[in-house]
């Protein structure tokens, strides 16, 4: 038997509360399609409450589509986007942002580790600007939390916001693990987003146990005015929209979404502790639900032989173990046992 | 209370069997993401059995994405696609095919009613070909059944196939209502597709009660070799793929999919009969699950006043009433009652 | 020896005055590149004088690029463009507008002959608008003069302008033969363009004897603000810009451009007269520099045998003969002679 | 008076021999358009002779168009291109390659200075390949000579060729200064291109004094089979093609093109020598027609004050001075004089 527990937070199913909400919505015989239904309307209300502000909300079925469309909505073909070299946008999207955004250049501007943006690096690009011969910077894409499980602090977000304001740049936040970021930071969703100048957030449902649904959240309705057309044209408008919106009703009730994220984060701490106790070295701090640990080749091979699935994330020896809303302590123990022997 | 029963076959939920299969799949703790799971593998086997041939299968979340990606995979930017003027591709996709297929021209080549292709019209375009100054015809897109609920007969499909072969054109089939077409035609899925030269079929799950899933079916694996990358780049690769594949396991078992389509078709016949008995004139023949009837302005207004939702489909007076897998006889009776009074 | 005199107005060279101006500009040793030179600045002044208004001017090397870029600058990917079915945009550009305008749908809205727009046809499309499921009309593209050598009258232009204003549409004018249109209409360039609501004009230099240069003329500077980037990104920014701008200096001096167009138009009248005298039937009125005449198959074959090059333009029997700035009376006589024998 | 002598090799006009050939071609009354003329045919013959191999040749008006189209012809939207960080493709094209190549990712793989490719860096990217989640490497783009005026040696080209062959990659060569590279290397055009595995070369005419024309040279006709359509659709097909081809007839006769490049290179050596004699430090070796020298802020300001135009190329203190086919010794002396005082 294969063990996918720690391969990705994508291997987990939807949570019971999300699935139950979907089941209930699916039991209604006839519902308007394309988002004109009451489940979707209610979801927008819940999101507005959550973010302490009236938002414009668009559900889409994939994270790739969410990020690529959100970015294309903020810019023109000759305008570029600052992103970190280790961002999902740059590393894991098969040039989907470039595909959706006719003529996109991602300007890589990372810190030394590569998962966070560096203001110095962005400033460097601005200096190199050659007018009509250069794609013009227009958007900053922040991943919160990053692909290496790191959080931008409020101070870091403020600094980016100030830089953006100074140079008339817009801010996109890739929140594939936004729930984990909220849980870990102790900040409110509002504090992490529009209060730091974020213009559009892609709030990931998939990794938070909400099934197959990502929420594109616009904090300024004016920016969202044509997004309905972009979503349709980009193949991201689901006819049975209740399948995308209803699971969020379950997730947002009683703060389930946050508790699920907290659990995942806590499991990562447990796993991290186990690694440390077994003398392993962590490659980066464990701030959310992923643990990045250095393994010898033999250690990794031994775990693979015992059918644990996990990926090498950074050369030469950093491996990633992800926890999810349904990660169990006994499975962590099993993994650690298999590591020891 | 609003009545959405006949507004679209998209207003219905997933069938119990599809939803049950999803529930079962969702109950498994950890499953490989992006399609490397056993539900998806099993679905490919079932589709291959259904089509009496080894197929290459790709699930995507939207019909727009399915058609646009399938077409982009068959052609280069300067190659055009023959389509009917009333096809969904041309009329209801917000230029999504053009968006996905960098530089697409849809060559409209319809018969007099506009929902089916006309070989004469396609031949006319070929004659007008001005070499390097013209987009070069490469694909024929057939909608089976059409937007006006008509079936292409086997003879018509054969004629198109012969024409395609003669001019080295590929065939795409938009099968948003393929299940209804199979049910109404009495032909097998194989007989309606690859045995008539179809290269790729977009088999609609959404309107067939399979939830949020469309199947892109390649009959020649060689044509599918790079589709995995296109699906990802086009924002149509779901990480939780089991949500797209599992519902099909329920639908394909015991020919549920076909019986559900038969029911929808039968309800349309019942509704059609009711219209005729009330002295209304049908605009087109009722071959699948849609009834296109002429209504006076007052008749239409009266029904709208009673909160029945339905759309004018053709100017000046043709209205569309769609039946779905869950359409009930008593609701048809209620509609007809409201029409009479 | 082959005779290309009447094959196209593209077979002619640049006029002496245009070429001389280029020669002079090319004799200067070092000139700023990319348009920051005095020839280009002077050309913008001359255009502003010609159009009786300060214009924003961009030279590009091809007509395809001019039209495609101008259109892409006026709209978003999900916004459509009204065009005549026989327009160059639709018929002779190998889907270049679609290529340059990420997700473009040309909404064909022609009169019965197909070369002019029909307001009724545009209104029909507006009626069919299905909201988020439809590309949204945003631009009207007028070809002045049309591919069949017809002029829009001031009244027709006014009617289109009023329609555009009513529906918040912008107006693009494809002026590949704008010079011939001005010459034939007796109207001023201003009267044919911004005074009729035209937002951007592609003023063809190539067919007017100006060499390899097309002028994209924006009448509202605000619409042009990002066109410099679009031109560069679209591969239409020439480094040796003086090669594109200098020939216009020669052409615009002493109204050469207009006299050259008048000559071409006059030659077409002469040719038309000759056809009529030989009992041939004209297919359309001869308003500018093209003559569209019906020929029997044998007549056409006989001319081809005598190595005259010309094209069948409309099925089954309408052939096009184009005159240019350098068409000679004796060559017309020679053609007519070969026709008679 | 402003001095543009050293601002760019783009500020020079066409050479007398190129212009004379154009004048001669322009004196012919009627010539087939779009490249079906004898000037273009003869140019293809001369290129084939020059490259000692039958080539497929396409003239285009801009270097941006040449490179962007050539690259788009070699790959699919999800396939990536290796390029150097300081390449024109990456740094000076306003995301034109991304615009022309629907969904392009340039994988930056440079050596420490950034203007040449590094095989180690390309290997690093191959290691990071995540299958369907990564754009797939398909093309290597070599700039010969580089933006910093460096030549790839035959050994370096062989190494890249071997790497390409091993990984089934194609090779594009940006030859904006190919003539200077040939002149400086002492190798034949064949030895620098197809004999080193280059699939397509963009041979720059503009900087070599050939006017407004770039030659896209395919060494394998099979790769060029659809390029005629791409050129048209990409807005790069000139109707008056003789304007693009005839200047090359002048340039290629008597090896003018090569002698012109040799002169430019020799002038750069002279300028370099002058800089050294004045105690300045060169930032990179002077291999072709550009001199990259370190200047103090005051030195640069003083030259600018005396109206010499030149650009800072690398932060903080490296300035570029370009020589062209028409650079004069007395102008170099004048520049050096102004530098000294």
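A, B, C and D are the chain letters, set down in written order, and residue numbers restart from 1 in every chain.
By definition in this document, a residue touches a chain if its C-beta (ideal position, glycine included) is under 8 Å from a C-beta of that chain, and two chains touch if they have at least 3 such contacts.
Remember, predicted model here, so these are calculated numbers, not experimental data.
Novice: Which chain's centre, taken as the mean of its Cα atoms, is farthest from the centre of chain A?
Specialist: C
Novice: Going by the touch criterion at the top, tell me which pair is linked by more C-beta contacts: B-D or A-D.
Specialist: A-D
Novice: Approximately how many whole Å separate the CA-defined centres of chain C and chain D?
Specialist: The mean C-alpha positions of chain C and chain D differ by 33 Å.
Novice: Compute the distance, rounded to whole Å, between the mean C-alpha positions of chain A and chain D.
Specialist: 41
Novice: Can you compute the centre-to-centre distance for chain B and chain D, using the mean CA position of each chain? Integer Å is fine.
Specialist: One centre to the other, that is 50 Å.
Novice: For chain D, write out the residues touching at least two other chains, lowest number first.
Specialist: Within chain D, residues 34, 77-78, 93-96, 99, 102-103, 132-133, 135, 229, 232-233, 237 contact more than one other chain.
Novice: Going by the contact rule at the top, pick out the chain C residues touching chain B in the complex.
Specialist: Residues 77-78, 80, 91-96, 98-99, 102-105, 127-128, 130, 132-135, 315.
Novice: Under the stated contact criterion, what part of chain D meets chain B in this complex?
Specialist: Within the complex, chain D contacts chain B at residues 34, 76-78, 102-103, 132-133, 135-136, 226, 228-230, 232-233, 237.
Novice: If you look only at chain B, which of its residues touch chain A in the complex?
Specialist: 3-5, 7-8, 10-14, 19, 23, 25-34, 60-65, 68-69, 93-96, 99-100, 206, 211-212, 229, 232-240, 242-244, 309, 324, 326
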